[in-house]
Each structure stands twice: as C-alpha cells, then as structure tokens.
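Shown below is the structure under consideration.
The chains carry the letters A, B, C and D, assigned in the order they are written, with residues numbered from 1 in each.
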Amino acid sequence: MENLVYIALFAPFVGSMFAALFGMSPKQTFVGIIASSLLFISFAASAVLAFHVYTTGTAIHVTMMEWISAGDLMIPFGFLVDQVSVTMMTVVTLVSTVVHIYSIGYMDHDKSFNRFFSYLSAFVFSMMILVMSDNFAGLFIGWEGVGVCSWLLIGFWYHKEDVAREKNPSISPSWAANEAFIVNRIAGLGMLIGIFIIYWNVGSLQYDVVFADLPNLSSSVLNAAALALFIGAMGKSAQFPLHTWLTDAMEGPTPVSALIHAATMVTAGVFLIIRANPIFSMTPEVSFFIAALGTFVAFFAASMALVNRDLKRIIAFSTLSQLGYMFAAAGLGAYWIALFHLAAHAFFKALLFLGAGNVMHAMDDELDIFKMGGLKKAMNWTYIYMGVASLALAGIPIFAGFFSKDAIIETAFNEGTYVLWAILVLTAGMTAFYSFRQVFLTFHGAKRYKDEIHPHEMYKFVLIAMAPLAILAVIAGFFMGGFQTFVTKLLPNYEMSHHTHELIVVLTAVVLVFAVGGIWLAYKKYANGLKRDEKLENSFLYKLLANQYYIPQFYEEFITKPYAMISEKMWKDIDMKIVDATVDGIAKFLYKSGDKARAMQTGNLSNYLNWMAVGGVLLLIVAAISAMLA
Amino acid sequence: MLEPINVSLESLNLITLAPMLIAIAGGLIILILDLINGKLHKSLYVMLTILILMVDFGATLGLNVNERGFFDVMLIDGISIISQLMIIVGSMIFIPLALTSKRFHEYSYPEFFALFLFMVAGFQFMVASDNLILIFVGLETASLSLYTLIALHNRSNSYEAAVKYFTMGALAAAFFAMGSAVVYALTGSVELYKVAEVMATRLNEPGLMIAIFGSSVLLLIAFSFKLSLFPFHTWAPDVYEGASAPLAGYMSVVPKIAAFVVSIRIFGMYIDLGVEWVRIVILVLAVLTMTLANIMALVQEDVKRMLAYSSISHAGFIMAALALDTTEGTTSIFLYYALFMFTNLGAFSMLWISRHKNRRFDARYDHPYEKFAGFIQIMPIGAVMMGLFMLSLAGVPPFSVFWGKIYVMQAAVNAGYIWLAIVMGLNSAIAAYYYLKLIVYMFLMDPIKDVDTI
Amino acid sequence: MIGLSHYLIVSALIFSIGLIGVLRRRNLLMLFFATEVMLNAVNIAFAAISHYYNDLTGQMFAFFIIAIAASEVAVGLGLLIVLYKKYGTLNLDDFASMKG
Amino acid sequence: MDNILSILVFFPAIAGLLGFVVDKESARAYGITVAAIEFLLSLWLWFSFDTANAGMQFVEMIPLIPSFGISYYIGVDGISLFIILMATLMTLIGMVGMSTTKNIKNMIITLLFLEMTMVGVFVALDAIIFYLFWELSLVPMLYIIGAWGGPLRIYASVKFFLYTFTGSLIMLVGMLFMAYIYHNTTGIWSFAITDWYALVLPVNYQLWLFVAFFFGFAIKVPMFPFHTWLPYAHGQAPTIGSVILAAVLLKMGTYGFVRFSLPMFPDASVMMITPIAVLAIIMIIYTAMVAYAQKDIKQVIAYSSVSHMGIIMLGIFAMNAEGISGSIFQMLSHGIVSGALFMLVGVIYDRRHTKLMSEFGGLASVMPKYAVIFGIMLMASVGLPLTIGFVGEFLVLLGFYQVSPIMTILAGTSIIIGAIYMLAVYKKSFFGPVTNEANKTLKDLDAKETWSLVPLVLIVIWLGIYPKPVLEPIDNSVKAMLVFMDKKAITQEAKDMIRVSKSTEGGI
C-alpha cells in the first residue's frame, strides 16, 4: 500500500517533469497523452487506496524523510492517507485526469501546449501534497505550491498586454496572476502564524500530536490558532474580503479554471477547516464566524453573478458562492457535509467550466453571453453537459447538488441559525436563476454572435472525457449515505436533530420552491432571446453588482495606488532625502569645515606668528579652566 | 671661592658622547674632503654619509642602558637609545634618495651632507640628555641645519618655507628659553631629574602654581611648534610643500621623534608630579590637532600638502598617547613612529620619484591629485607601492600603521580613555577619505592627457 | 634694594616687548631683532636667577643662548639675503605663495 | 590535513600573487581553476568535518604577538563552515559566469585576494585576525566597484569603503576594550574569541561593548538606517562585484553578530532584542517598499537584499535554536539566491546595457530559459516552500514568534511585500508583449551563463527539499551556543529569554 501512496503522489510529478523537458519545444501531442495517463495512474492508485481505506477503515501513514529540523522543531515529509485525504485525493485526481484529457483538445492550437501540461501536472502534484501531508508544514508546502502553479497558469498567456479595467476587469493574465499570488500570500501569512502558534504551544506540527494535545491548550490560544488558520483558508478559498482574485483568475485557460479555480485548489481552504476540525470544533466563536462569513459570501457572490455577462466570471462567482456554502457547513460543525458538498461541487463545477470551455472554443474565445445565443443546435452535447451541471448547481432533485446543498441548508436550520438559513435559501434561488440565465442566454434564443463565427462542437474524445463528470454530477448524491459512514469514521458525525427531521419535507420544499422559481424566472426572461432592459441596467443596484460592489476599484484606489505612492515617497523622500542625505550631509559638513579651517592657513607668516600667540593664550585658558575644575 | 674640581676621564664617561661625536666628525670629514677636492661626485658623499651613520648606529647600539656621562648631562636610558637608533635609521633611509636625483642639484653640495650629519647629531643630543641646556643646544643645532637644508632645495618656495620655519622656530626657541628660565627660577636647576625632585617638594606652596603653570605652558608652546600641534602647526604644510619631497617626509618623522622624546621627559615629569591640567591641555591639543588637521587634509588639492596635514594629524594621535603617561602609551609612541616612519618616508619618496620638472597639471602645485590619475597605467609598481603606503597610513590591516594604531588605541583604552580611542577611530575614518582619494585617482581613473598648463 | 623679582619683571617686560615686536612687525629684519630681544630678556632672567641661587648653571645657559642667538642671526641673515635677492623685498606680506 | 583552514585562506592569495605571471588570455581559465580547487578544498573541509561535534574544529593556533595576546588562531564550526563553502562556491560561480573582459587579469587577481579575505573572516577565531581580514576585504571590493563599475562608481566605492570602515573602527575600539577587560580580569592578554567567550561581564559593560560591535556589524549588514551605501554599491558594481557583495560580504555582518555579540554579551543581546527587532522590521518592510518603487532591476534586488538581511537579523535575536539556525541558513540561502539574481540581471545587462525595467517587457517570449531560471530564483527569493528560501525564512519567523507574536506578524509581511516587488519586476520585464524592438533579437542564455546558473538552481532546490546536511551541523553548533549563553547569562530576564532546546537541556 505504501508504494501506492507514492505512486499516487509522484505520478503527476513525473508527468510534470516529463512535460517540462519539452517545455520549450513545439507542441507534442504525446506529452499531453503521457501526462494524462500518469494522472490516470495516480487516480487509479488513489481509488485503490480509497477502497483500501474504505474496507479496512485504517489510515495509511508513511514518512518519506526528514525535511526541516532545527532546535526542537522536526518536520518530516510524511503522508497520511485517511478517509478525508483519500476522498480529496480521489476527487482531485479524477477531475484532474478529466481536465488533462480535455486539455489535449482544448489546448490543441496553443504553441505552449507542452508547457501547459507541465504546469498542470505540477499543480496536481502540489495539490496532492496539500491533501496528503501529515503535518501543517507539509500542508503549507502544498498550499504555496498550488499558489505558484495557479500563478503560472493564470498567467499562462503572459504575453497579453495590460488593458484598462473598463475593457477587461482583470487587466491582463499576468496582472491577474500576480494578484492571485499576492492575495494568497496575505492569507499565507495568516496560515504561517497559525502554524507558529501551534508549534510554540504544542511543540510539534504533526496532526496527530497536535490534535491529541488540544485539550491542554487555553481557549485563547485555540481561538488565535483557529482564526489564523482560517485567515489562511480565506485567501485560498477566496472568501470576502480576499475574493477578488478568483474572478480575475479566469484569465487563465479554461481547463485551469475548471481544475484549479473551481474543483480543487479553491476548496483547499475548506479542506483545511475539515482537516483541522478538532481545533475548530473547540472554538465555537470562530466556527460561527466562519459560518456567518460563508453564508455572507454565498449570498454576496451570488448577487454579483446575477448581472454578470461574462460566461466564466458567472461560473467563478458561483464557485465563490458554493465555497460560501461549504464554509457555512464547516463552520456549523457539519464537516462531513462540507466535504461532501466539496466533492459534489468539484464534479459539476468542473463540468460546467469545461462546458464553458467548449463554448469559448466554439465562439473564438468570446465570453460575453449577451453576444451568444442559439448554440443549442451546434453544440448539443455541450448543452446537455452544461444543463446537467446547472441543474446540479441549482439543487434540483436527483442531481448531486440537491443532496449536498440541501444538507447544508438544513444544517443551518438545525443549528437554529435561522438568519443564515434564510439567506442560504434565498441564495439557492439566486443560484438557480443565474445558472439558468447563463444557460438560456448561451444556448437558447436567436443567435447574437457575429457572422464570421461558426460554432462547432468539441472533439469527440473531449466530450467522452467529460462524461464521467456528467455522470457523477447526476448520481453522486446517491452515495451520500455511504459517504457519511465512510468519512465519519474520522470526522465528527453530524446528524439532523429530531425536530429538523420532522420538518425535512417542508424545508426541502422551501428550498425547491426557490430553486425552481429561480429557473422559472430565468426562463421567462431569457429563454426566448435577450431583451435588454435599459432602465434596469442603469439602475444603481445593477451597476453596483455589475461592478462587483466597486471592491476591485476600492482596492486599487485605497491599497494598490497608495502603496505605490508611499513606496515612491519612501524611496525618494525618506531614503534619498533623509537617510542617505544625512550620511552625505555628515561627509559634506566635514568637507565644508575643512574648507573653513584651511582659511587659517593664509600663507602669511605674520598670521602664523599671531596664531602661535593665540595658541599660547588658548593653552593658558585651557590650563586655567582645567586647573580650576581640578 | 672657586675650588678646583678634579675630573677623571672615567667619570666623564665620554663613550656616551661617542655617537654624536661620530656624526659631527663625519660632517667635518666631508667638509674637509670637499676642501681637498671640490670635484668629487655626490655618490661618494652619499655612501660616506651612510657609512658614518652606520658607525653611529653601531656606537649607539653599544651604549649601556641607564648610564649618565659627561658631567651627568648625558642620559642614556632605554628611550634615548631607541630613539637615537630610530633617528639614525630614518636618516639612513633618507640619504640614498639623494642618489636618485638627477635634476635637482641640492644633493650635489657636499655641505648638504655635512649639515645633515650635524643635524643628526643635534637630534641625538636632544634625546640623549635631560639637561635643558643640552636639549636647547641640540634642538637649535638640528633646527638651524634643517632650515639650511630646506633652503638648499633652491626654489623660491623653499626659501619662503625656510624663512617661515626659521622665524617661527626662533620664536619657539625664545619660548623654550623663557620656559627653562622659569623652571630654573622655580627649582634652581635645569637637570630634569633634579627639577622633578625640587618641584615635588614645592608643589603645594601657594603662589607657585602660577609659575608652574607658566613654565609648562611656555615649554608646551615650544614643543607644540616642533611637533606641529594645532594651532602651532601652521608652518608645517607650507614648509613641507616648499621642501623637497624626501626631506618633507624626513621632517615629518625624525625631528618629531626627537621632539617627542623631549616632550615625554618634560611633560611626563609634570604629569607624574600630578599636575593634572598639563595632561588635559595636551589631550585637548591632541584631539584638536588630529581632528582639524584631518578635515583640512580633506580639502587639499595637492598630495604633498595632504600628506603634510596627515602627518600633523598623526602627530596629534601620538601626542594623545603621550598624555596617557603610561608605559604602554610611551611604548606605543615608539612603535607608532617606527611603523609610521617607513610608511610616511615611503609615501614622500614616491612623490619624489614621480616628480616632474614642470608643473604640468597645476600652476601652483607640484603634486596635484590629477597628476596621479591613472598612475597604475603609467607606473604600475609605483602605483601599487603608493597604494600600499596609503592603505597603511589609513590604518587598514595588516599594513604597518594599523598595528601602531591599535597599540595606541589599546593604550588609550587601558588608561581608561575610551572616548579618546573612539575619537581616534573616527578620525582614522575621516582620514581614510583623503588617502582613498589618492588611491582612487591612481587606480580608478584614466590618465589626464594633453594638459597644456605651464 | 633691587631684588630678584625686579630683574624678573624687567625680563618679562622685555620679553613681552619682543613678543609684541614679533607679532606686529612686518619687516623680516625687524622681526629677527625682536626675537633677539626676547632671547636677551631670557638672558637677563637667567643671570639674575643664577645670582640668586648662587649657581653657575644659569649663567652657562645664558652663554649658550648668546651663542645660539649668534648662529641664528648668521643663518637667518643668510636666508634673508637669498630671499631678498629672489623677491627684492623683506616685507612679510609679500611671501604668501603657499597657503591653504 | 589539520591545516586545511590555512590552506583555504592562503591558497587563493598565493594563487593571486602568482596570477601576475599568467598571461592575460589565460587569466580567466587560471582564475576558474584556482577557484575550483579552492571550492574542492572547501568541500573536503565539509567532508572531513565532524557533524556531531558542535565545537571548533581544525583549530590552528600560532602566537603572533604573544606579549599582546594576538595569535593566528583559526577554526571552524557548524556556523561558519557553510558560509565558507558558500564564499568559495560563489566565487567560483561568479568567475564562471563573469562577462567582464576589460582588465580581466586584474579582476581575477582581485577576486582571488577577495576570496582570501572572505574565508579569513569566517575562520578567524582571534579578534585581531578577524578584524584584519574584515578590513582587508574592503580593498579588493573597492577596486572591483571602482574599476569596473558604472558611471557613479567612484562615489559608490568610496562611500562603501568609508561607511564600513567607520563602523568597524568603532568595533575595533570595542575589541580593544574587551581585551583590556580580559586582561584586567585574568591578567593575561588575549584576543582569542574563545577566551573572550569565557568572560562574564557586568551588564553595563556588555551593553557598551554590544553597541560598539553593533556599529561595525550593523553597517556591514547593512541595517536600517545605515543601509544607503548598499544600493549605490550594487547599482554601480559590475555583476561579479554585486554577486560577491550580496552573497558573502553582507554575511560578515550577521555572522559577526552570531560569533561575537550573542555569546559574548548574552544579557546585552537579550536587552537589545526589541530595538534590534524594530530596526529589523523597519528594514524588512521599509526597504521592501522602497524596492517596489525602483525602476532599475538591480536596485530592486539590492533593496531586497536589505529586506532579507532584516529577516536574518530578526532570527539571530530570536534567542532560540529555531531562529538562529534559520538565520544562518537564511544567510546561505540569501547568498545563493541574491547572487544568482544579480548574475541574472548581469545577463540582461550584458545584452542590452541597461537595467531599467521600462526597457524590457515580454522577455519570457524571447528568452525562455532565462525566464525559467529567473522565475525559480524569484520564487526562492520570495520563500516558496521546497526552495532554499523557505527554510530559513520559515525558521526565523517561527523562532521569533516566541519572542513577540506582533513583531513576527509585522516581519511576516515580508512574504507579502517581497512577493509584491519581485512579481512586479517579473511582470514588467518578462510578461506582456515584446514592445521594444531591441528585445526581439535577444539571445537566450549561452553555455557559460547556463553553466554558472544551473548549479545554483540545483542547490536552491536540493537545499529546499533536503536541508538536513547543512542544517544539522548548524543546528548543533547553535544549540551548543545557546546552552553556553544560558549558562553565562547573569540576569534572570536573559536566562528566561534564551531558550535552550529540549534535546540539549541537560547540557552537552
């Protein structure tokens, strides 16, 4: 079994290195194929491991070697395959495999094809480290590793120029990449602080040691650690106020968006909360804060998705919103539900993104859904896939999202946090609306795209590769029970109370009414083509939403620009004019006084003789003073 | 009234006089040789002078430590032997430079060598006696010879220099004489060891403080002049500029050794007696000297003048060690000067070697910095040597003056004068600038071509 | 009765006069005279003190001073002659080619 | 070979002297060979080094001035061993990648002398010998900056020399005072650092001495506000000068703190934690912001050096093994990474004769290999895990967290603002379309450059993944030092603050 762990972990790495070998050469299809097959191997290994863990119920723990040891600190490269990590591994490798195969088709015409696979596999490797590590430092390796890969992949088309924010809200791929990296670094600092707190209070960073030692810690320490770790999670999972990078990250190639910015990396924050659930379950205040923030983000992101016109950004907002759901669940203590939603979401959201990728491919990279329409005929399969994914996202029964999301909403009710519950229900309706607004605007109605564009369906193998995701998006929900028994061997179980159980039908019905209502509204408005409402589009609220509450502008005006300005000032005014000038000033002062002093050297003998006399007097004075003092 | 005094030859201990007598005799031999044959080449005189100095050196080495001689006016203690040796060695290094000269004719005068030997004898008298009369005679013999040697350089600047030096020297001599008179009035003796004894008994007499005060200040003026301490240093830059480069280097070292030895004897006595303000006055002088000379050296355009100011600053350094009046302090003076001697003489000699007949670069100066621009390309070995001398003067380890510097600083620290050590350190840092400036010109700049000044 | 202190006062006065001469005079020759005056003031002091202590050392010192003053004059005048030949003047203010 | 240290110190110097004879055309090959032999010798030193022994090894002692207690006393422990290795490595790499052609022979000879002084500083166990090499290292560097530098080279080199010289003279006074106290207490003159360690000083003496040494070290580091010589020196120095300056010379300052200040003045060091940490945090944040404002790539890296040195300073004063070991490791990592970055800037400077970011853009398209290596070094510089940059930074911040959480958070912003300026550089120069016509025909790395950079990349990754071979000896020596400091400290605060690792609690 140990070998399988290493195979699952290192197969993507080998794939990445292999692709990197050809990184600077022209496109080689076999690079993509080999990378994909290696990922499949990794997936297979993960699946076997999952089966093993499922059947035996025991975790596999391996320690590869020592990494850092200094003082009392000892950090190994240790890997832990238990119920939680094996779930993540399977989901990650599965989605990754699909995305890899998809990319062979999607990146077909890109000259940096090989490089792309190198980055993509490297990402999977980092993600695997993140989920498999048996200690916080190892988690942090993966954490930063996925950050870098995300940076590389968002900025994959680095050669694009910066444009004004009005033209492209993300300015340029390289800009978006840097934004993502820096925002994640802010969160990374929080994470590091969390690690420090844990180390200095426990003396180790191993999960098992730390969790065993938690009861000995004071609540303030626990709160601080939980909060710091959550700040880390906020960055990676793009929670408010660190959310802006996620929509900008859509500058990357679509498979990247599907894999990294929907299915896997962004859920790392949720994973962290689940992984560290012993800490969070001991800090109810922080947990509640997480739940509240999650709920807020769910609503907040959904509201922005309502009016957005960018195909990928809508999905990005929906990702953000769903992450909010997951945090809400995790914050309320329903860790396994959060994990379940995480997995289900990974399937349908990746599917949705890949579908969007197909559309982009067909539309010559057009992203504005106002300029699409009527694609149903040309892209039947894509239409079906996206429809399925949207149904799942909207939480329509039998689809995966129905089970997972409903459970979260019920949890909110069950915990007695009715405000959260109400918001989540409302958000569910909004989710249904914007998902179907997008589907209808894209596929229904008359065509609004330019005539020179000839939409066509994606390659066959790509469509086939997407099938597993579609199937899972439909059926994943039925494994909920099994999943619960599986992961609750490790995670605390969460059952609805009796009271909730009684009301379950009513609760489900309420959610369904909102979901179906949302779809119906979207259908009414958009199914028969786009009818633009100038008045609405000019209203304050619409503009506020369309401009993402002006938060990016706010950041630019109040953080980015002042930072640049202060930096400039510090350099030119403080460093040059004060610090350096003082040093030079001392030198100049000495030099000037030299100039003054040499004036005594007139060259005139008479002056010199006078100086001697003056000197004599001076000596007398000094002598007199010192004699008096003595 | 007058009783006949029987003087036995043994009690005179004439051997103590031998070194000086050898030098004087040597000078006379040279003069006589010139009388016999006026056409002898200077190389003969150079070698002869070296030989005489060698004999002198040997004679000094042969002296027994802690003896007195010649009516007890000669004092042969460790200080006197070591300083005599240093004076002779310094002179021996200086003299061969005469051989290199082709264009300047001062070295072709045999009188030059005779005067030089008399001067050496004068210095030796100064250091080998604690009798104020003999010190005075030695001082004047040496000084008068030195004035003449400067004037022999035979340029209008050198006359001006000689006259400036002479006039100020005469004034200083007067102060010295007056100071001695006051000491004599106080104690009835001019032998320093007796003076110390008598003064120790009279130190607490009321009203005498003024006299002690006067004597010390007058003597201090005289020696501050010799040691070129601020503000009695004014002659030094001009005289160094006017004198030939090696002589300037010589002046910055050897006469100062002699003057320091006398200062140690005289002012050491005062400090030992517990006259604390002498120490304070000397410290003030020392700090002023090293600092002001340093900052004046910063702005010099001429390397020779810069070196002049730097020598003044170094003298300030040493003077501070003198004020400590500890064994270490005194030792450090000799160590410092021994190391400084080679370096500074070397630096001045390099100026001598690099001289031009015409002032190509500057209307006034012989050795402006511009002249040394790109020196490494013109004269690589010379530039490297000059660079080493500069680094050494700046106190960069492991070059010689660094060791002198830490010894002096250590002495200051040990005597409890940490602030003094810090002042010395900061001054070394300031000084590094102007030494570095020359290095920068020599190594980092390109030669200036086609300068059509005079 | 004229005592030691009177001699010393006279000596100090003459010394001061000489000093002032040195400081104020512009002509080199006069300046040399002034230094001679100072040395002679010292001689007076030495002679007087010598008498007071009934000790010959002071007189010896005075003799040496006289001798040295003489040689100083010899050297000094020699210098002045060359200088005069070169510059045609003995005014101090004219010799200031080296400064700074 | 017991005298391997002496060989290490003097081999390059003698080779430098002999180098005068070597023909100009072959000077480069000669220099590389000598540096390679020196590096192999230092590797040998590492292999014969006893990792388990935390004390001084390969000690040589020849009295020079016995009456004054000055001796040629050298030795190496885990703390200095790797800095020596880095010095020899960076000299070798620098020479391999060197593009200077003007006066190449002088350059080689100067570099070899510089190598002697660098190794000398790190092996010296006698304060005077230490000081000697310390000061002597200024001279070759002055020459390198002054002779091969940019338009302001003379100003920059003189400023560098005088600034550091001033600081070290104050340090010299401190050393002399230390020797004096030692003499007063024991009656013996000694400048041996190990002897000085044994001396327990009253707190006020410790403070004054600490301050005196501080000036020497802080200017060298350079700590805020003494850092302004550095941007000039780097800005004007030729590539090789910047590489050595950043990689090795700056480390002398921080090494000095570890070698002198901590074990000699434990109480004063503990008392000075807050002031030094404040300065270090200012260094970290302030210079990182200044770096962001720069227009010139090299200046960015120069200021980033100051920022990283702030991290190192912080770690040294963490007073626990995590922080100090991390600090020393960070010295190595900063040496290698900033050295590599300066070489990378040199690569582009050789091609375009400009270092202004505005001149570039889109380099990743024309020079992919260059972009990759730059990218790796950038990531190492911002402290990405599994690169060398992370280990040190992580340990330092971890270590200092124990001292002050708030200050650690402030210092930790370095991982954010470090990323900001480095990514800004990368974006401006490497990303975007190739707008400047002159950049379209740029050649990618040639063999010479690749050969000099690839080893560094390998080290960056190797030590990022498996730092143990280096970290372990460092850690052993640091632990021993902490035990010693704890034993020596006289005030209770110091004893409380100095944290002895559990594994060494019972003493060594």
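One rule holds in what follows: a residue touches a chain if its C-beta (ideal position, glycine included) is under 8 Å from a C-beta of that chain, and two chains touch if they have at least 3 such contacts.
Computed from a predicted structure; not experimentally measured.
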Using only protein Cα atoms, the chain sitting most centrally is D
Taking each chain's mean CA coordinate, chain B and chain C are separated, in whole Å, by 24
Centre distance in Å when chain C and chain D are each reduced to the mean of their C-alpha atoms: 65
In whole angstrom, what separates the CA-based centres of chain A and chain C? 96
Rounded to the nearest Å, the gap between Cα centres of chain A and chain B is 79
Going through chain D residue by residue, note those that touch at least 2 other chains and give them in order. 162
Where does chain C touch two or more other chains at once, residue-wise? 19, 22, 95, 97-100
Where chain A touches two or more other chains simultaneously, the residues are 587, 598, 601, 603, 605, 609
Can you work out from the touch definition every pair of chains that touches here? A-B, A-C, A-D, B-C, B-D
Which of the residues in chain B end up touching chain C in this complex? 132-133, 136-137, 140, 144, 147-148, 151, 156-157, 159-164, 166-167, 170-171, 173-174, 177-178, 180-181, 184-185, 188-190, 237-238, 241-242, 300-301, 305, 364
Contacts from chain D onto chain B in the complex sit at residues 68, 128, 131-132, 135-136, 138-139, 142-143, 146-147, 153-154, 157-158, 161-162, 165-166, 169-170, 172-173, 176-177, 179-180, 183
Give every residue of chain D touching chain A within the complex, in rising order. 159, 162-163, 224-225, 227-229, 286, 289-290, 292-294, 320-323, 325-326, 329, 362, 364-365, 368-369, 372, 379, 382, 384-386, 390-391, 394-395, 397-399, 401-402, 405, 408-409, 412-413, 415-416, 419-420, 423-424, 427, 430-434, 465-468, 471-472, 474-475, 478-479, 501-503
Which chain A residues qualify as touching chain D in the complex? 23-24, 65-73, 137, 140-141, 143-145, 148, 155, 158-162, 172, 174-175, 178, 181-182, 185-186, 188-189, 192-193, 195-197, 199-200, 563-564, 566-568, 570-572, 574-575, 579-580, 582-583, 587
Quick check on the complex: what are the chain A residues that touch chain B? 587, 590-591, 593-595, 597-598, 600-601, 603, 605, 607-609, 611-612, 614-616, 618-620, 622-624, 626-627, 630
